[in-house]
Structures are given as C-alpha cells and as structure tokens.
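The same chain A turns up in both complexes below, where it pairs with chain B and then with chain C.
Entry: the complex of A and B
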C-alpha cells in the first residue's frame, strides 16, 4: 500500500506519447494529401523500364511492369488506410449499438445478441473475410463485411459491460428519478463513457484491420490488381524479391509503420483511459 | 455437472454451430450468386470457354440442381452429417482425401512453430520478469512490439530475403525436406512469441511481488527456492492459459504463412480452392479449420481447469 501522493501546485501536464502521434499523423497525411502531391499515374506501365533501381524520376524505382513504386505506395495509402477506417467505424457502430441494446433491452434481446457474438468469436479471425472475398470476388464490400463481422463482438461486449456498470450508478438513478427520458440518459450518461472505453479498441482495431486488408491483398483475395493496394503490391512483387528488394521494401515498410503507429497509439489511449479512471 | 464435462460440451456445441454456419454460408453463396449455378460448376470443371448448354443441363441433372432449394439444402446438410464432402471440382479427388493429406502438414507445422515459440519466449520472458525495466526487458519489449506490428507474411518475407536469398542457408519455399519447414516454423514462432513474452514477463513480475512470496522470503527461503516451490505453479496459470489460447491463434496464422512458403497445408489448400472457386474443397478446408479452432479452444479450457482448481470450483458452484 502506498500513501496517496500529494501534488503541490499545478499537476504536471501529461504528454501523449509523441512517437505514436507522429506516426499516425504522418500516415493520415500520406493518405489524405499524398495522392495530390504525387501526380504520377500509379498504373502507367512502361515495359521498357521494368525493375529499375531508384533514380531522380522514380525515387523508389519501378516494378515488374515498369510502374512507379513511389506513386503506387502513395496512392495505395488512402485505399489501405481508408478501408481500415471504414471497417472499424462500421464495426464499432454496429458493436456499440448492439451492446447498448443488450444492456438496455429485454432479457431476450440480451441473450440473442450475446449468443450471436459468441458465435462470431467461434470463427478463427481471418476465415470469414477469406470466404466472403473468395466467393464474392475480391473487392471492397466483401472485405468490409468480413472484417467488420470479426471485429464487432469485442465492441458489443465492452459497450454492454460499461453500460451495465454505468446504469447502476447513483447519478443515473438520480436522472431517472428527476424524470429524464431513457433517450436523454442514454445520450448524456451512458454513451460518453462507452465511447471513451471503446476508444482503445477502435485504435487497436485500425491496426488489425490494416493487417487483415493487406493479408487479403497478399493472398490475392483482396483488392485486385492493378489497384495499388499495399498487400496486393507485395503479392505482385514477390516473384521478383531477389532482383528488386528495394521495391518490395516500400509497401512492407508502409504497412509496418501504419500498424506500429496504431498499436502504439492504442496502448497510449489505453494507459490514458486507465489513468483518467483512477484519477479522482 | 462437472466443469470438465461442461467445457467439453460447450466446445462440442461450438464446433457443431461453426460447422453448421459454414455449411449454410457456403450453400447460400453458391446459390445466391447471380447467374446460373450449373453454368458456373460446368465452367469450373471443363473451362470457361468450353461450356455449352448441354453440359450445364447435364450437371443440373447430375447435381440435382433442378430440385427445390429447401430439398437441396436438406440434402447438403444430410451428406455433411455423414462426412461426405464430395469431390473437388478441379482434381475430381474426394475432398476428405485432400483434407487428410494437407491436414498432416498443417498439424506438423503448427506443433513445431508453437513449441519453438515457447522455447524462445520462456527464457526471455522469465529473465525480463526478474529484472523489470532491465535491458532484457526493454529490448524484448521493443522487439516484440515491432514484430507484433508486422503481418506474418512480412516477417516471412524478411526471413526469406535474409536466410534464403542472401545467406542461402535454407530453401525459400516449397516442401521436400525438413529444411523446408524451418522458415515457416520460425515465422509462426516469432509471431506467437511476440505476444507470449509479455504475458510470461507480467506473470513473473506479478508472482514476485505477491504476499506469499514475501512470506516465503521472511520464512527464510532463498530467492531461487521460494520461486521454485511457490512461484512457478502460480506463474504457470496465466502462461499456460495463454499458451493454449495461442494454439487457437496458430489456426488463424497458418493460412497466410503456408501460402507465402507454398507449404502444402490446409491454409494453402483453402486459398488455392478459393482462387479456383472449387466449392467442395473450400467448404471442406473451411470446415476443417473451424473444427481445429474449436479443438484448440477446448484444449485451452481443459488446461485452465486442470491447472487452477479454484476456477473449477467456481464453475461448479
């Protein structure tokens, strides 16, 4: 047991870990403005200049069809990251809504929703996305559905647990006695803590969505060539690994930095949530 | 009900549900896709350009596609119940034969990768746990966060470029000799160890600061002996639980790793079948992977129950 520490003067401002912020910021910027800055067409082929090393005109060299690797990595960013964002937003939206419905609704609704999420957790992660993409042909929609289906149960479980905890607190009881409607209580007292708690899942989910999207692309079941998506690029360049290691390194590094950024940011958000919970 | 019986029955039910959902999904996909199912099967069998109306008609009669959809669905489930998975549309071999052949490779790779990961993670995790914030701890944390941020195919590509293309110590892909197994197994092991090192470290740290350890030291036991007789078993509970859970994660990871290394396991079979739209094989491989996952979860449950009698008592109450 440690004695409660006494802080004199202003508490020291807590710094959000800057490495994760810088990484996430850089990746967001790359996806948002990169394609406007790099005007080269990512799909323009030049079969006379295949697998060329880096030069002034092509800073990262060219791939097996003579396409500019830098342009492909930059134009791939909004796809890889944008789809990840869509997946996670959809999963958290559905998950939080179902979790709140389970906590707020009838017993039957609770049981049905929770058994559904158990069922989803009984599937090995990538299998559903694989099957969907395989059957429906690789595109954005099957991938979105597949990844969303595997992510939502975590959100539903956390939202339900937090909501049930909040609903038992005295300030909610007071609000009920004061005559506020269910909707107002939900919006004012239940939703904010639920969203705060699921922030960690959202950030970490972005990292795992980027991984799943690139894995599907790598297997040839995600976005289809010639779309410049990082995983699909790696799949296309794999046969030329020994001749063009630098071209291969570019999309690999992009995936690594994006996932690392979201993982570190997720941990930072988790620490922050724990700290703000324990603070008086 | 004894907790063991309960765990087994829960997981058996889970396996059945998984199988049913997969079967229904496959059935629904095959029949809900736009266009004529018979034409698509004919295309898979004889090639896109040689499909005629007669072949499609013959297949429609052969496969019973002209019957009502409910009857077809019932038939599909009934055949599944007796493990009749049909034949591959491409190779015409029975799907169960393919599964038996490829399943062996996957089990071998999974077991070796899993064992290897704990051979690496246990010593590092324990060392890090004995000196929290020491250099072993800092270094292993940094490396595991890095590896955890890499999809498994990137770890694999890194290993291929280093050990197969640059140093030329090991074959890059395929499967003929034991040496072909090294890189896929190491890829799998690194992915697993990146997570388990932290769990082992935290378990050791927790046990070291527990009251019963302080008591054992006050009683006069040395650090080593206190840890041997009081620490190991307690630290083992979360570690073994996680290790068993990771067995389930292996099921998830091998699909990508097998495809990268062209290793003839279930995952590779599934991906190839998906690319060729070979529905019976997709169905069989998907089912098999789902069942392996349920089995791995069952092992995890049983390990927890045996190691931690408190949990068993709780579950029984």
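Entry: the complex of A and C
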C-alpha cells in the first residue's frame, strides 16, 4: 500500500540531465577524437607570428610563442580529462576496497581504515597534491598520487556506510544460511549497491580532479611545458592577458565547461539514484 | 450528524484501469467506519482520494463532503487539501514519521490545538501519557507513544473526521487491543473515525459500520455486529473463515526418538539486561510443528537464531540431529543447509538487482549435483507458482507470491527444519490461511520439522502441535 506521504515526498526529475549529458558527451568526444581532427602540431612554434588574433588558419589565434591555441586546447583535452579519469578510477577502486574491508573486516581494521580516512579528510585537498608534487618534482605520477589520496576517503566512507546497511539485510543472512562464501556475498550482494551509490561521487570526483589538475598545472607543479595542458596554458598566457585575452579565455572556458558538465552529471546521477530507490 | 459523505467515488490509474468503482461511504460524528479489504482492494485509494492525495495521472470522479459542508468534486484536489487540519486529519501508518523531529511534543500539540489556553497536559493524560511527555522530542518516543501523541493531537484539534491508515500493521495482539482503545477514545470525543485495515481483530473491537472492499468495490457494508455474525457476501464469509481463531486445531503425537532439533537449558540475554529466556528446553520431532509466541521484543526471533546456529546461546546446548552446531564445526558445515529460515519480509531475502529465477539457480553453486531445471518445475507446481515469475525482479512480486518463492528457495535446499519467523504477518488473512496450509502440508509430506514464530497466539494454536508462550514460558 502506498502511504499518502510517499506521493508528496517523491523527488521530481530535475536539473537538466540532458544538458549535462550533452556537455560530458562533447567533452569526451573532444578528448577522444579531437587530436585526430586537429592535425596542427600543438608545440610547433612560429616566433614571427606571436599573439596573433583569430583567423581562418588559427581560429583561436596564437600564443606568445606563436603556437596554435586551438590545437593546444584540443590536444590538452585528453591529458586533463584522461588524468582526471585515471585519478578518480584509482581513488574509487582504492576507496571502495578499503570501505568494504572496513565494513566486512574486524573492528581493528575498521578503526584503522576509518581513522586513516579522517586524517586524509583533515588535509585541505589540493595541499597534499601540492606538497607531493613539490617534493617529488612536477610530473604526472606525484600529481596522480596526490589527487588520488585526497579523493579516496569519500569513496571509502560511502562504501562502508552502504555496505554496513546491506549486510544487515535478510538476503545476506539467507545467503549465509545457504552456505555461500564471503566472497560471493560481497560480490553479489554488497558490491552492486555500493557501486551504484558511489557513481555520484565518481562523476562529481571527475569535476574536482579536472580542477586540481589545472590548478597544479597553473602553479607549474603539474604537467611540464611544453606539454599542452589547460592549467599550464593559463599560466603561460597570464602575462599577455591585456594583449591577447581571447587566447587565455579558451583554456579557461574548457576547464569551466568540463567541471560544469561533470558536476551537473553528478547531480543527475544522484537524483536518478534517489528516484530509483524511492520508486515503488 | 454526517461529517463525511463520499458519493460514487471512481478512481482510474494513468493506464485507465478502474481501481475503485462507485464507492460510497459516510460517517457521522462519534461513529467509527471501518473499511476492510486485502492489499490492492483499493481501500487506501479511497482515503487518498478523500485527502486529495492521489498519485499524479490518476483520474477520479465522485463527490466528497467533509464536515457537513457542500460536496466537493473529488477531482479538485486543491479544494480537498484545504480541509486538512481544519476538517480532516490523517493518522498515518508510521506515527513517528508524522511528527516534526526537531519540535517538542508540547509545541506540536499547541500548534494543532483549537483552545490554546489549555496546556498539553490534559490531552496527554487523555491518551494515558504522563504530562512530562510534552517536553520530549519525537526521537525519544516509542512507536506506541508516538501514536498516542498523534491521537492527542487529533483530540485537541478541531477536525471532526480522523482517518487512521492501517493503525495496527505489524503490532502484536496486546498492542492491537491498546490501539483499538485509543481510537475509541477519539470516537467517544465525537469524532468520525475512518479506519482502514485488514486486521479483523481491530475491526471487531472498533464496532460501528464496516465496509468490505474487494477489487475496488464495496461488496458489503453494514453494522459491524451484523456483518461479522451474518455475512451475506461470499467474500466476507471467506475472509471471516480465514481468521485463525476459527480454524480446527491440529495436535498430534510423535515419535520423540526421531528429533530434528532439540535444545536444553538455553539462556540468552544482552549485557546489562535481564535474560530473554533461561533454562529453556524444546524438542521438534520429524513432521512436528512447534510455535513460539509472545509479544514483540520477548526474544522469539533471537531464540530462532540460536536454534539455527546463527547466534550462540549464553548457556545450554542446541542439538541438530544429534550434533551441536556451536561445538562441532564439521557438523555445522555438513548440516548448515538443512536448517533454514523463512523470513518475515519475503521480498528482502532476494537480492534486489537479480531476477528470482537466477537466484534460485545460484543455489547450484553451493549444492553439488543440484540441477535447478529438474527440481524446480515440480516444486513450482506444488506451490502454485507460475514459471513466468522467475523472470521478475524481487520488487515486481506480490507479498503472497514472494513468500511462496522464498519458501521454494528454502525447500530447494531440502531442509530438515525450517524456522519460519512471522511468515504471514505481512500477508492478508486469506493469503495467510493459504500459506499456513501450504506450510503444514509440506511439513507432513517431507517429514521435516518446523518452528513457527508468531505474535498471533490464535495462529500459533491453530497451526502447531506444541506452543511455547515466551511471555512466561508456559506450554499450552
């Protein structure tokens, strides 16, 4: 029977899921096929044609070394987004595994894992990545580790909370009584709802990873020049802001759209999760 | 004086299926009206229509007159909603959810009160609560106290009509009686009470007018005394016959040398609290049914878990066909699948994201030589289950079907003993009778033992060969 309150409280579908999908789709397409479509070498310098405005040959103009800005933005996409994806997948893998271990393991394991995650959460996110990149020198590996370290605790907490709830459900007891092994119960009963719930975090995490990568790049601690990377591009073009504002706006806009897309998509995923759970 | 008059209510869902057809009910001040019917009979939709709360996409025709006012067309939900709190009040199924969690009880009562000069104390006393409850927040109330607070809210408010939606769902017999008394206090205060329920005990004790709904139609209505003593419609008669207190009891003698389960001197308690049970002995012979009964919280489910080897007892021993599962790990491994549980909520024993058929087939992974295509079809036939159900997800199955599927799952493991934990408390009486009959039949056919856990003493007596009342561990 449906209680009247259920009718009142059912969340509405909202927040442009199609717009967020289109944005994420466009960004993915840009990263996947963009570099093949824009054949211009993003690192080819032409010092006779620096800071030129937009033209047919160079739709976004050239930077201070005469490089094609469009080519650099397009070739930067797989780097920014690819690294972000790598970070988030690694963080969710580590986080979900540790969260499940905390929920299913001994009390000691639970305490150790959760205090560790508290410790990581206490660190201001980007600071850790900054420190690591600073000590180990810039480049992709310290950045990956740093961003992953700041992201995994969210996944661990979410996975633990969901898993603890699921482990109380009768179907887990029924499976234990039937003699299924712990691994089967974990894989079949616990993991699917955990993954469904962490989908939101994964999508939102992509947005924040793009931000962190760009921030590190901007500070000169991320990918090193001349690699085209959005954050580093902003840094390089900053001194020429007054002469060539359009050139700098391009990577800014790219970061903005990527983060916006993933954030909206994260919201849409969250709404969908809530809706599918409250459906009769 | 008639304060609620519903005329020719007809409700269609978004796919234009008729869910309620031409239902008319009326209730006067100081009169209870009980709408009884099984799940899906449309009884709750009638209440939702009166409140203007039908789901989006539903169409409704008919009129509703509340508080002696002019009839309002039932499709004018906004006009109906304007009568909330002033003319009509709802006591929802989950009383705690209806209270504001961050407001003290006293303030919530004052908000609803017509006469604000009087404090909340008198209203709380009227429902047998201490006046000091006014200072509590809802989270520190028990379910029963929250229900009392809501009734007190109805008492201080002005609404002449109070709708109670399944007020006794999941309560044991003693609490049903207390809830009935509470609802009667509203009637004594001159309110029209509309109770929607499938609980015959509640309907009997409230009296007044009874309307029996089936498939969206009111098939019989009249004074409770008349409907219960001389039902005219066959459906009402079947329903009344499904009441366990009218079943013929069955009590047989068994060969006490052939036990599937024995327990001696069992004790269990949570630290710092008195033991739930102590020095408890029980024996279940092959083909025998033992019932454990008692109020909620008396330790029935815990005892069931101890008997199944899930929770270790503080003292005493459990014997499964001669072996102790707590001291003999080899026996536990060997016999694990033979000692099974039937859960209260049958849907929840299936993983939500996997079809039922697949989950039954999964059992082959832990049972060597198990071929689901061989053993399942005859079992489905015996349980009167359509094979098409196997392709569905657990959320797409009705309660009765789910309980039979859960039973099929347990039977595939060829158990020696089933502990059935309130297997029918969420089912309608007619379905309950069917499931219990099925369980008894299977116990006889397969020569297994069964422990039935139920808060319903009448059901326990009608089903079991021996009943242990855990209120004071008295055998009946």
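Just so we're on the same page, the second predicted complex is superposed on the first by the 264 of 280 C-alpha atoms of A that agree within 3 Å, B and C clash if a C-alpha of one lies under 4 Å from a C-alpha of the other, contacts with A are read in each partner's own complex, and residues count from 1 in each chain.
Everything that follows uses one rule, which is that a contact is a pair of C-beta atoms (placed from the backbone, for glycine too) under 8 Å apart; a residue touches a chain by one contact, two chains touch by 3 or more.
Bear in mind that the values here come from a model prediction, so they are computed numbers and not experimental data.
**Q** Is A:260 touching anything from chain B or chain C once the two structures are fitted on A? First, second, both or neither.
**A** First partner only.
**Q** Counting residues of chain A touched by each partner, does chain B or chain C come out ahead?
**A** Comparing chain B with chain C, the partner touching more chain A residues is B.
**Q** Return first, second, both or neither, reflecting whether A:126 touches chain B, chain C, both chains, or no partner chain.
**A** A:126 contacts chain B only, not chain C.
**Q** Please work out whether A:188 is in contact with chain B alone, chain C alone, both, or neither, and reply first, second, both or neither.
**A** A:188 sits against chain C, while chain B stays out of touch.
**Q** Of the two partner chains, chain B (first) and chain C (second), which one does A:169 touch, if any: first, second, both, or neither?
**A** It touches chain C, and chain B stays clear.
**Q** Once the structures are superposed on A, label A:178 by its partner contacts, choosing first (chain B), second (chain C), both or neither.
**A** Touch status of A:178: second partner only.
**Q** For chain A, give the residues common to its interface with chain B and its interface with chain C.
**A** none
**Q** Mind listing the chain C positions that touch chain A in their complex?
**A** 39, 44, 47-48, 51, 53-56, 90, 92-94, 97-98, 165-166, 308, 310, 336-337, 339-341, 343, 345, 348-354, 362-363, 365-366, 395, 409, 413
**Q** Using the touch rule from the top, collect the residues of chain B that touch chain A in their complex.
**A** Those residues of chain B that touch chain A are 14, 17-18, 21-22, 25-26, 29-30, 33, 145-146, 148-154, 157-158, 160-161, 165, 248, 251-252, 255-256, 259-260, 270-271, 274-275, 277, 282, 286, 289-290, 293-294, 297.
**Q** Can you tell me which positions in chain A touch chain B when the two form their complex?
**A** Residues 118-119, 122-127, 130-131, 133-136, 207, 211, 214-215, 218-221, 231, 234, 238, 241-242, 245, 248, 252, 255-256, 259-260, 263-264 of chain A touch chain B in their complex.
**Q** Inside the complex, what are the residues of chain A that reach chain C?
**A** 1-5, 7-8, 169-171, 173-174, 177-180, 184, 188-189, 192-193, 280
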